[in-house]
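Note that chain A is present in both complexes that follow, paired respectively with chain B and with chain C.
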Partner chain A sequence: MRRIFLLTFLVPPLLLYGLFVVSPYAQAFQISATNWSGLSPTFEFVGLDNFRRLLGDGWFWNALRHNGLLLLFLPVVTILLGLFFASMITVHGVRGAAVYRVVYFFPQVLSVAIIGVLWKEMYAPHTGMINGLLRSVGLDDLAVAWLGDPRFAFWCVLTVLIWMNVGFYVVLFSAAMQAIPRELYEAAALDGADRVTTLVRITVPLLWVTIQVAWVYLAIIAIDGFAIVQIITDGGPSSSSDVVGLRLYKTAFGDGQFGYASAIGVAMFFLTLTVAAMFLQVTRRDRVEL
Partner chain B sequence: MKRLSHVFLIAWALLTTLPLVWAVLGSFKSDDEILTDPWSLPARLRWENWERAWTSAHIGRYFLNSAVVVTGALTLTMLLGAMAAYVLARYRFRGNRIVYYAFVGGMMFPVFLALVPLFFVVRNLGLLGTLPGLTLVYAAYSLPFTVFFLTAFFRTLPTSVAEAAMVDGCGHFGLFFRVMLPMARPGLVSVGIFNFLFQWNQYVLPIVLMQGEGAERRWVLAQGLTALAVNEGYQGDFSGLFAGMTIAMLPVLLGYLVFHRQVQSGLAAGQLR
Partner chain C sequence: MTTAMSRRGLLQGAVGVAAASGLAGCALGGGGTTEGVKGETSADNPLGVKADAALEVVIFNGGFGEDYAKAHQAMYRQRYPKAQIKHSATQQIAETLQPRFVAGDPPDVVNNSGGSQIDFNGLVAQGALTDLGELLDAPSLDDPAKKVRDALLPGIVDVGSYDGKFLSLNYAYSAYGIWYSRKLFESRGWEYPRTWTDMIALCRTIKAAGIAPWTYPGKHSRYLSWPILASAAKLGGLEVILAIDNLEPNAWKHPAVVAAAEAYYQLAVDGFLQPGAEGMDHVQSQTEWCRGNAAFLSCGSWLENEQKAVTPAGFRMAVAPTPALSNADKLPYETFRGTGSEPFIVPAQGKNTRGGLEYLRVMLSQAGAADFTRRVSSLTCVQGAGAGIPLGPGLTSVTELIDASKGGAFTWLYSSYYRKLERERVDGASAELFAKRINATQWCDKVQKSADEFAKDPAIKKYQRS
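Here is the complex of A and B:
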C-alpha cells in the first residue's frame, strides 16, 4: 500500500519533469557538439567546433559585451536605488510608507511583454511620452529617436530593466530592514551619525546576505535580458543593443543552426555559474549576528 | 533633508505610475490626439478602441488562451508539486534525496539552455503550437521551485496530527488530501501566487513553442500583444495598441491591489530560493 502510494505520488511529476525539463537540458549539451540544422534528420558530431567558432564570432562577442555592461550596471544601480528608497520608507518613517510599498511594486506584477511594449511606445520619437515631455519644456533638441540611435538604444534598454526591478528590491530590503532593532538607529542618532553613515555602517552590514542574494538574482537577469531587448529594439539598431539570449534565439529559430545555438546556450549556462560562484566568493564575509 | 527624501520618493512613485496612467489614457484617445500631443487628455472615453482591440486585434482570443493555459498549468503544477513535495518531505525511502536534488537542481539552469531541444521534444510529441503542449511545459518548468518551497513547508507541519489521523484509520491518500493539504494552505497560496505570475507573464516559452501553421490562433496574451505592437507600426492604429495594452494590464494590476500583501510575500518567498 505504502509502495503504491509513493509511486502514484512520485511518478507523474517525475515523468512530466523528466520529459520537458531534464531531457532537454541533457540534450542541449549533446546537440551543442553537432552541426545539426534541424531540417535534415542527419547531422554529424563536430566535437568542440561550435565552441571554437563561438570564440571567433564577432556577433557573439558584441552581444556578450552588452551582457557584460548589464552585469556591471543593472545590479549596482538597482540595489543602490532599492537600499536608498527602502531606508527612506522604513528607517526614517515617512508618511505614506504603505502606499509607496504598494506603488513601487507595480512593474513587478506586469509581464515583460507589457513592459516592453509600453516602453517602446514611451521612447517613440513623435508619439512617445518622453519626447512629449522634453518638447513641452522646450528641450526640443533632446527629443531624439531614442531607439533609432546606436548611441542610445542600449542605455534605453538598461533604463527599462532598472525601472522594472527596483520596486521589488525596495519591498525586499524594507522587509529585511524592519527586522533591525530600532535601538540601533536610536543609538546611532545619539552619536550624531547622519543618514548616509547610518545606511553604510548599520543597515548595509545587517542586510548583507539579502544584498548578496539580490545581486546574484539581478546578475541572472543581466545575463538573460532577452525579452525586453527583443521587444524594444530587437537588438538593433545595427546590433548596438544585442544580447546573447537574442543571438541564441535568432541563430536557432531564425537561421535554423540548432547545433551552434545550443553551443551558445551551453556558454550561457557556464557564464551564469561562473558569475554566481565568483561573486559569492568575492563578497564572502562573516555574517553579522545580533 | 527630510523634505528632499520625500521629493525622491514621490519622484519614483510618479515614475512607476505615470507610464501606466499614460497607457490607460492613450486607450481612450483618438489616433489624432496621440499624434499631435502625447501628453494630451482624451476628449471623451472612446470605448470603441477597446472593442477594436478585443475583437479585430484578437486580444480577447489571446486573453482567453492565456486564461486556459494558466488555469490548466497552475492546477497541474500545484497538484503534482504538492504530491512530490509531500512524499519527499515526510516519507523515508531509498533515493529520496536523489529525487529531491533532481527537482531542485532544475532551478540552477537558465531556460535558454533548454530552448532548442525543448522545441523538438514538443514538436515530436505533436504538441507544437497547441494549448495542451504549452500547459504541460509551463507546469514542468514550475515544478522545481514548487517542490523546493513546498518540501520545506510540509516539513514544518506537526507530525502529531498525522499520527492521530493514521490511528483513526486514515490511509496515506486520505491523510494527504483531507489532512495535510488543508494544513498546508498558507504555503500553497504563496507558491500559487508566485507560479501564477510566472506562468501568466511567460514570454520566451510561448514565442518558441507557439510556432507553426495556424499557431497564431492559439497565441497567448504576451505574444499577441507584442505582435500587435509590431503591426501597429505600419497600420498606424496607436489607440488600438494602447487599448490592448490596457486590457492586458488592468486585471493583473487590480488583482494585485486587492491581494498586494499576499502577492508581495509570495514573490519575496521566490527570491529566497
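Here is the complex of A and C:
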C-alpha cells in the first residue's frame, strides 16, 4: 500500500525528468559519435572522429581558454565581493543596510536577455553611459570602443557576469551570517580584532559550507556563460570573447553539424563534472559545529 | 519511521523508469518519405497542382514583415479556392523548422532567411530541397509564351544554384554600394568620386569640414569587406571572384584583392573612419550616418527601409558604385554587386511540393512582385515589376544604378556556399583590419588561411561555379 502510494507520487515526475532531462543527455552521447547534420534522419556512426577533431580545433581551444579565465576570476571575485558586501550589511550594519540589500538583488530580478541588451548599450562607444561618464569627467582618452577591441571585450563580459551574480551571493551570505551567534563577534571585538580579522577568522570559517556551494555554482556559470556572451559580443571581435557554449550553439544551428556540436557538449559535460568534483574535494574541510 | 522500500531500491527503479522513457523521444528521428501530391497538368496548371491540396508556408518575420506573404497567399487561393493555406511567421527559422526536417514533415514553402536561417550547405548536402528548375521552365503567369526564367533579373538563377541545380529562389533584389546623402553633398558642393584617388581627396575635405568621412558597423565588419571585394572584381575581373567562390588556393591573395584591401585600409590609416565605429553594430552606425555624423556608408538596398524611423526629412539617401581603383579596371565604373536576398525554398519532403512551386510562380508574377514592392519598399527579382510604383529616394537611386550598369551587376557566392566563412572569418579579419590591428596583406593572409581551412574540412560540402 505504502509502496503504491509512494510510486503514484514519484513516477510521473520521474517520467517527465527522464523524458526531458536524462534522455536528451543520453542522446547527446549517441549523437556525438555520428556525423548527423540535424536536417535529415540519415547519419553515419563515425566513432571518436568528432573528439579527435575537437583536439585539433583551434577555435574550440580558444573558446575553452576564455572559459578557463572565467573559471579563474568569476568565482573568486564574486565571492570576495559578496562576502565584503554581506559582512558590511549584516555584521557591521552600515547605514542604509536594508536599502543595499534590495538594491544588490536587482540584477537577479532582471532576465539575462535584458541584462545583456542593457549592458551592450552601456558599452556603446558614442551613446553609451560608460563613455558618457568618462567624458563628463574629462577622461576622453579612456572612452574607447569597449566591445570593439579584443583587448577589452572579454573583460567587459566578465564584469557583467560579476555584476549580475554578486547580488544573489550577498543575499545568500547575509542569510548565513545571521545564523552566526553575535557573541562570537562581541568576543572578537573585546579581544581587539579589527573588521578584516573578524571576517577572515570568524565569518569565513563559519560560512565555509555556503562558500563552497557558491563556488561550485559560480564555476558552473563560468563554464557556461553562453547567454550573456551571445547577446553582448556574440564571441567577437575576432573570437576574443568566445566561449565553449557559444561554439557549440554556432556549430549546431549555424553550421548544421549536430554530431560535432554534441561532441563539444559531451566534452563540456565531463569538464563541468570534473571541475565541480575537484572544487568540492579541494575545499573540503571539517565542518565547524556551533 | 519504517520504510517498506530502501532508498537504493527506489533510486534504481527511478533510473530504470528514466531510461525507458528516454527511448520514447529520440532526437535523431525516424522519418519516412512522402510523395508530393501531383494532379493533372494543363496549360493553366503546368506544374500539376492538386487543387484541393493544403499548402503550408513559413515566413521569416524580419524587416519585410509577413503581410506581403498573406497577400501572395490570397492570390494563390484565388487560383485554387479549395486549397487550405496554413500561414505562420517566425524569426527562429532554424530552431522552429530543424526538428520538422528531421521528422520528415517540413512545410511546403519556407522563407529561409534571417540570423537563424538554416544553413544552406547542410540543406543541400542532405538533399532536403526540391529542384526549382521545373519552375524556371514553366510559363510565367503573365505571359504563357514567356518562361519564368526569362522574367527574372540577371544573376538570380546563379545565386540560388548549387552544383547547377536551382534550389533557392532569392525573391528580393538587393544592390550593394556606397551610400551618401544627396542633401548633404549638394549643400556642401561635394560630388560622389568616381575614382579612389578622388575618394581620398574628398575624404580629406569632408574631414576638414568636421564630419567623419566614413562610418561602419565594427561588430559586423564584413559590411566593409563588400566594397573591398566589389572593387577587387572591378579591378581584376570576375575571375577574381570565381576563384574566391571556388576556394582556390591564394584566391584572396590575388593582386586585385590586395590592392582593394590596401585602398580601404587607407581609410583607417588616414583616420577617415568615424572614431568609435569599431564598437558599433549596424543600427548604431547607420543611425550615426543618418544624423549626418558621417558621410559614407557601405550597405545594401534594404538600408532605406531599415532606417525609415530615423532618416530626417529631405535626407535623400543615394547609392553609388564603388569608385574605380585604377584607370585600367577590367569592369566599368557603373558595375556593382547586385544579388538576390530573402531565399525561398521548397523542401523536398513537403507534402505539397507542387503547390510550393506554384506558390513561387504566383510570387514571381507581375502582380505578386509589384504588390511586394509596394508593401515593403524593396525591389524583387522580377524584371520590370517595380515600374510605375512610387519609390523612396534610396530605392529610386537603386533603380538608376541598375539601369546605368546595363546588366553589369555581379555577385560572389562564397557567402552563401560557406556562410560561416563570411559571417565569422571575414567578419573577424575585417574588424582587425579597420581597427588597424593588422594591415591589408595580413588581412588577405588571414582570410586565405580560413578559406583553406574550409577547403580542407571534409564535413563541409564544396561547390563549384563557373
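Operating definition for what follows: the second predicted complex is superposed on the first by the 270 of 290 C-alpha atoms of A that agree within 3 Å, B and C clash if a C-alpha of one lies under 4 Å from a C-alpha of the other, contacts with A are read in each partner's own complex, and residues count from 1 in each chain.
To be clear about the criterion, contacts are C-beta pairs under 8 Å (C-beta built on N, C-alpha and C of every residue); 3 or more make two chains touch, one makes a residue touch a chain.
Nothing here was measured: the structure is a model prediction, and the numbers come from that model.
**Q** Counting only touches as set out at the top, which of chain B and chain C does A:238 meet: first, second, both, neither?
**A** Second partner only, chain C.
**Q** Touch check for A:6: first (chain B), second (chain C), both, or neither?
**A** After superposing on A, A:6 lies in contact with both chain B and chain C.
**Q** On the A-aligned overlay, A:43 touches which partner chain: chain B = first, chain C = second, or both, or neither?
**A** second
**Q** Is A:147 contacted by the first partner chain B, the second partner chain C, both or neither?
**A** So A:147 only meets chain C here.
**Q** Using the touch definition from the top, say if A:68 reaches chain B (first), chain C (second), both or neither.
**A** In the superposed model, A:68 contacts neither chain B nor chain C.
**Q** With both complexes superposed on chain A, which partner does A:125 reach: first (chain B), second (chain C), both or neither?
**A** second
**Q** In the three-chain superposition, say which chain, chain B or chain C, touches more residues of chain A.
**A** For chain A, the partner with the higher number of touched residues is B.
**Q** So in the superposed three-chain picture, is A:136 touching just chain B, just chain C, both, or none of them (first/second/both/neither)?
**A** In the superposition, A:136 touches chain B alone.
**Q** Where on chain A do chain B and chain C both make contact?
**A** Overlap of chain B and chain C footprints on chain A: residues 2, 6, 10, 14, 17, 19, 22-24, 27, 31, 38, 126-127, 131, 253.
**Q** Please name which positions on chain C make contact with chain A in the complex.
**A** Touch list, chain C to chain A: 3-5, 10, 14, 17-31, 94-95, 98, 101-104, 116, 118-119, 121-123, 125-128, 218-219, 221, 275-280, 284, 288, 419-420, 423-424, 427-429, 431-432, 435, 437, 459.
**Q** Please name which positions on chain A make contact with chain C in the complex.
**A** Counting only chain A, the residues touching chain C are 2-3, 6, 10-11, 14-15, 17-19, 22-24, 26-27, 30-31, 34-43, 123-127, 131, 143-150, 233-234, 236-239, 250, 253-257, 260.
**Q** Under the stated contact criterion, what part of chain A meets chain B in this complex?
**A** Of all residues in chain A, those touching chain B are 1-2, 5-6, 9-10, 12-14, 16-17, 19-25, 27-28, 31, 38, 81, 84-85, 88-89, 92, 94, 99-114, 116-122, 126-129, 131-133, 136, 163, 166-168, 171-172, 175, 195, 213-214, 217, 220, 223-224, 226-227, 231, 245, 248-249, 252-253, 258, 261-262, 265-266, 268-269, 272-273.
**Q** How about chain B: which of its residues touch chain A in the complex?
**A** Listed in rising order, the residues of chain B that touch chain A are 1-2, 5-6, 8-9, 12-13, 15-20, 22-23, 26, 34-35, 37-39, 76, 80-81, 83-84, 86-87, 91, 93, 99, 102-103, 106, 108-110, 112-122, 136-137, 139-141, 143-144, 147, 171-173, 176, 197, 200-204, 208, 211, 221-223, 225-226, 228-229, 238, 241-242, 245, 248-249, 252-253, 255-257, 260, 263-264, 267-268, 271-272.
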